[in-house]
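Chain nomenclature is as follows: A, B, C and D, assigned in order of appearance, with residue numbering initiated at 1 for each chain independently.
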Amino acid sequence: MSSNAGTLFRITTFGESHGGAVGVVVDGVLPGMELSEADIQPDLDRRRPGQSRLVTQRKETDTVEILSGVYNGLTLGTPIAMMVPNLDQQSGAYDDMADTYRPSHADYTTEAKYGLRAVAGGGRASARETIGRVAAAAIARKMLAQHGIKVLGWVSQVHETVAKVDADTVTLRQVEADPTRCPDPDAAARMTVAIEGARSDGDSLGGTVTCVARGVPAGLGEPVFDKLEADLAKAVMSLPATKGFEVGSGFSAITMTGREHNDQFVPGPDGHPHTVTNYSGGIQGGISNGETIVMRAAFKPTATIASEQQTVTRDNAPTTLSAKGRHDPCVLPRAVPMVEAAALLVLADHWLRQRALNQ
Amino acid sequence: MSSNAGTLFRITTFGESHGGAVGVVVDGVLPGMELSEADIQPDLDRRRPGQSRLVTQRKETDTVEILSGVYNGLTLGTPIAMMVPNLDQQSGAYDDMADTYRPSHADYTTEAKYGLRAVAGGGRASARETIGRVAAAAIARKMLAQHGIKVLGWVSQVHETVAKVDADTVTLRQVEADPTRCPDPDAAARMTVAIEGARSDGDSLGGTVTCVARGVPAGLGEPVFDKLEADLAKAVMSLPATKGFEVGSGFSAITMTGREHNDQFVPGPDGHPHTVTNYSGGIQGGISNGETIVMRAAFKPTATIASEQQTVTRDNAPTTLSAKGRHDPCVLPRAVPMVEAAALLVLADHWLRQRALNQ
Amino acid sequence: MSSNAGTLFRITTFGESHGGAVGVVVDGVLPGMELSEADIQPDLDRRRPGQSRLVTQRKETDTVEILSGVYNGLTLGTPIAMMVPNLDQQSGAYDDMADTYRPSHADYTTEAKYGLRAVAGGGRASARETIGRVAAAAIARKMLAQHGIKVLGWVSQVHETVAKVDADTVTLRQVEADPTRCPDPDAAARMTVAIEGARSDGDSLGGTVTCVARGVPAGLGEPVFDKLEADLAKAVMSLPATKGFEVGSGFSAITMTGREHNDQFVPGPDGHPHTVTNYSGGIQGGISNGETIVMRAAFKPTATIASEQQTVTRDNAPTTLSAKGRHDPCVLPRAVPMVEAAALLVLADHWLRQRALNQ
Amino acid sequence: MSSNAGTLFRITTFGESHGGAVGVVVDGVLPGMELSEADIQPDLDRRRPGQSRLVTQRKETDTVEILSGVYNGLTLGTPIAMMVPNLDQQSGAYDDMADTYRPSHADYTTEAKYGLRAVAGGGRASARETIGRVAAAAIARKMLAQHGIKVLGWVSQVHETVAKVDADTVTLRQVEADPTRCPDPDAAARMTVAIEGARSDGDSLGGTVTCVARGVPAGLGEPVFDKLEADLAKAVMSLPATKGFEVGSGFSAITMTGREHNDQFVPGPDGHPHTVTNYSGGIQGGISNGETIVMRAAFKPTATIASEQQTVTRDNAPTTLSAKGRHDPCVLPRAVPMVEAAALLVLADHWLRQRALNQ
């Protein structure tokens, strides 16, 4: 179960940072949908290294190839396998880490679990694994868009800089206008300065991604274990470097009272109830209520930093380490398509599950 | 999949708030373990209504009966079914809600999903559903304790009152010393005042539960989708009324730099590396690292309040509603065993999964 | 996974032969369907002991109680838990088997797996476990019947006696007309003599159940692992005492040539292709083709016999054993509702899965 | 779920007959095992077209490439993706089948399910899909062999020719000595004549594969749904062209009495009970008993034949069809590694599951 996610829209990813390829098999795509690599590549381009000076300079084009499940430009309903070769593997950069555990990385825990690890590049814990998720989610995005569901994420905070963004109106164009993927230009400028400062200081920064899903019909989700917010939380918290997740009011709900926090209903012009406020974040009792779904994810500062740190070797001897590989001083700009992917994959799955129930 | 959770330690819950019974079937309990209802009841007693004046006064003894899977006092390795009858069903209290959607409840979304709902008591969205999880987790607790793993939760915040608690040393006895389940006596006293004030004001309060898992060996979890923090997030966010989840530093990681946040390693006296700080919260790359696992969950203020609120009927007509049923002015004291249950069920599952890998 | 089956129509059974109760939790029942115990009991009555002199005389009424998932006589879409108490437990009959392994039973293998077993009655390996499946399948039967799908099984062979039955026209009334559940009266008479002869001789007999599913629309099933015949095979081969499964031509296909065996298509009056023959048994490439699904299951002679047999004790010492408990000299009459249950549960699951795909 | 199988040893296959590639992702391989393509290729060579004049002459080398999960020649414990490109695609051969349903193929049912199909080569229903299973099973074979478990299959019948084979002693070398994969030389000679006769007559033949698993420890399997024979039945019946499955005595159990059929126990020299006979086929109550597991699968005669047959077009108009593509006049020789693969994948999964239980 380690490499599978989803019930009806179901993905299986494979690949390490340094190996032949990374990829994904996507099950549950509806048949008869037009699909080609051109539908997938744009989301991979938003995720890939080297897209701006703010991110890691590893040189990967991350060009995707569809291996199966599409015939004459149409999906068959059968599994769609997609592959992205690993090209720029500077394995030598990892030589001095072979016997040393990088702090706050998965080196030690991977060995504790498996007894060995792929020294070069972090293996399966590498952010390259998310290529498969982003590629699969691009298909989910197209399928859901045909039914009016749209997902959009942006960088809402980097370190101390908080963006001012209207979650109801912000657009993809605004998000993509700046390499930070922060649609508040003032904040974006300050974030840029902060990120570049951290890099030159051998340090790194964290932040938050906010993500909305618009057009989700009421009724998606499950009342108990597979609550929509629970599956979203799992999907987001399975992304590298996430430390927290919240939906709607999130942690700010703590200091509100029930009277303040309850989303009172008013009759909607479409014949359905709508809410005056949206502290619920579009989900009540695990099931979507037709309002915009709003979630937020906290990312820690990148663990790989150029500064010297205290650590131990495989033999439990003390040593120090300064990272030499290429890395992101702040993962937030590249984290946006990853969070969107998490949301898209969960929504596609629950959308299919609801089709079985609700004809 | 709506009523199942877990891969090897796998539970299936059933039951609505008002019906014959609620319960659970637990699969994956190791054979040959001593088990009786006396192992289960204490955790149910911590969860049940009426245990103190701070919680709902619905009168339920929540007495559990084991129906299968135990023979001569020993577990058989086969599914353990447990049942708790519903006794105190004041269905009449819900009569005027039959056609009205309670704000921030699952009434509307349940109907949007299924086309109908059990009007009395919220049906499957009721907190009574968690009886099954708490009962199952009591078995997980016993099984894990035999291998040195202990889980403990407490109320760390109610509304504006933040408790001061040493996560490394706090004990169950300290948590249970006060009906608030806050082990900081000063904070507990202020929480009590706040909760009673909210109740008399027809209002409600939210807060946070912090939960630790001690003695977890390094190696539990998975590197990708089933990261330990991802499964914990899902389990916690599938509890009623949760709005946020964080592990380790959580949202506070945002304003730290990598240099500050990285948990540097030092050689441990047990021959394994240990970390100087624990911002990782005991999990790195989805896999436990042997440090204490620390997580925190945000609970919204109870949606059921006595104050009048604006809402709509099933026919999309405006109306108002004031709750008359018995309810908790603050779910936090009863949420503690629920969060512990979420953590225990996930840890039991991953502990069994690691046994298959690591002999 | 040991106690779960199905993807969308998903059941979890629990209970041993001698314990508080046996039962099942059924997930995936469509909401809004009328349901009461009266829909379940008839199938349980066809399965229960003591229904005729041909079967075991254990005295169980097998009266089912619905614990959840139904409100005001309608299904809620939430899990339906059902329970049947164990009443007639003559545990003493098993005393001399506590340390002795019954030949061709699960006694030894259960201990090899779990390290212990419930001595009385075979524990989880008892045919009483199938109560849960038959009860769940009664719900599937009602749900599928509302969409034109009907499942019917009968005893087609007992030992040397082969029944002559027209699979296209045989009715439930004809099957239920005789305690053997063989709708060929001549064969039924000979089967009765054979079964009673075996019983008085301290011996037992096997045979086959044939089962058809009529009205299954084309398109149910999956092309690879979850082929419809594969899931049917698993469901049937997970019933106690089954040794073989075949679909359509089955083993008789071996001695046919492709020219003989291919089911040629002709235009159907309904605008769909139909087949002249049905050697495919209603399934081609794992997916139903609209023809009647035909399957056959082989049951071994009951392992529990009164004759003395050679065996060993838990300490690997030779001994002998003659069964004293009540038992069936031939399971076939009671196997009919079990095979139907296997087919119904698989069809309900695939029918729901196809709804998600094919709107 | 359509493309996944297994719980802990879990595979996901992808690919159509005519597309970029076929392949598999294998999860659950124990870490630290030496593995390279050289471990996989021999089993693929036993499965591939063109290996002898008895099978289809499609020209595919079926050369496998490992894409992930192996580092420095050792398995990492992470998913192992393997890919085989499709080379010899004579799509033109299928042009006249674009609107015509081949009898006893999956053409019509695939369109009934998905609304469209990959006309060339049968798409996902092609036997090329089994490349992924055979490749995954080669890893299972290596892993299980290190723990003393060996699986071997052979052709035991083609049409009227039944082989005489001692299941206890037959070896891989004997099986591979003849292109028929029948280890009885006399029978193999007659099978060869029969198969070549069928081909020149534009016809095809079916038969049986018998498969044994030796060295399986007692305790593998589950008592209810995931009985070992049930999972084996599903795996075998999910192979193309299978019509029947039996374990141990199989359908021959029908005409035996309990006294004849029961496998009496005798004390084994290893301190464990052993059985005098093996009608159980190595499995009792769903769980292995330490004896050799014996199963048999029936394969229908190949549906693709050169003779003219009656069929219909997509518009439900009558027409005729004579196959022109390359095809096997008898699938049995190539079915042997497929049946072995089915058995290996199930045994690897249950072997891992038992590790979690039984330390």
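Details
Keep in mind that, in the parts below, a contact is a pair of C-beta atoms (placed from the backbone, for glycine too) under 8 Å apart; a residue touches a chain by one contact, two chains touch by 3 or more.
If you're wondering where the values come from, they're calculated on a predicted model, not measured in any experiment.
Farthest from chain B, judged by the mean position of CA atoms in each chain, is D. The greater number of contacting C-beta pairs, out of the two interfaces B-C and B-D, is seen for B-C.
Chain B and chain C have Cα centroids lying 39 Å from one another.
Distance between chain B and chain D, defined via averaged C-alpha coordinates, is recorded as 46 Å.
Shared interface positions of chain C, defined as residues touching 2 or more other chains, are 1-4, 7-8, 13, 31, 77-78, 113-115, 123-124, 223, 357.
Against chain A, in their complex, chain C makes its touches with residues 7-8, 30-31, 77-78, 223, 352-353, 355-357, 359.
Within the complex formed with chain C, the residues of chain B that make contact are 1-4, 7, 10, 12-16, 19-23, 25, 27-28, 31-32, 65-71, 74, 76-81, 83, 113-120, 123-124. Contact residues on chain A toward chain B in their complex (touch as defined above): 1-5, 7, 13, 101, 103-106, 108-110, 112-115, 123-125, 129, 157, 159-160, 198, 202-208, 217-227, 229-238, 240, 242-251, 253-268, 271-273, 275-276, 279-281, 283-290, 298-305, 307, 309-312, 316-318, 354, 357-358.
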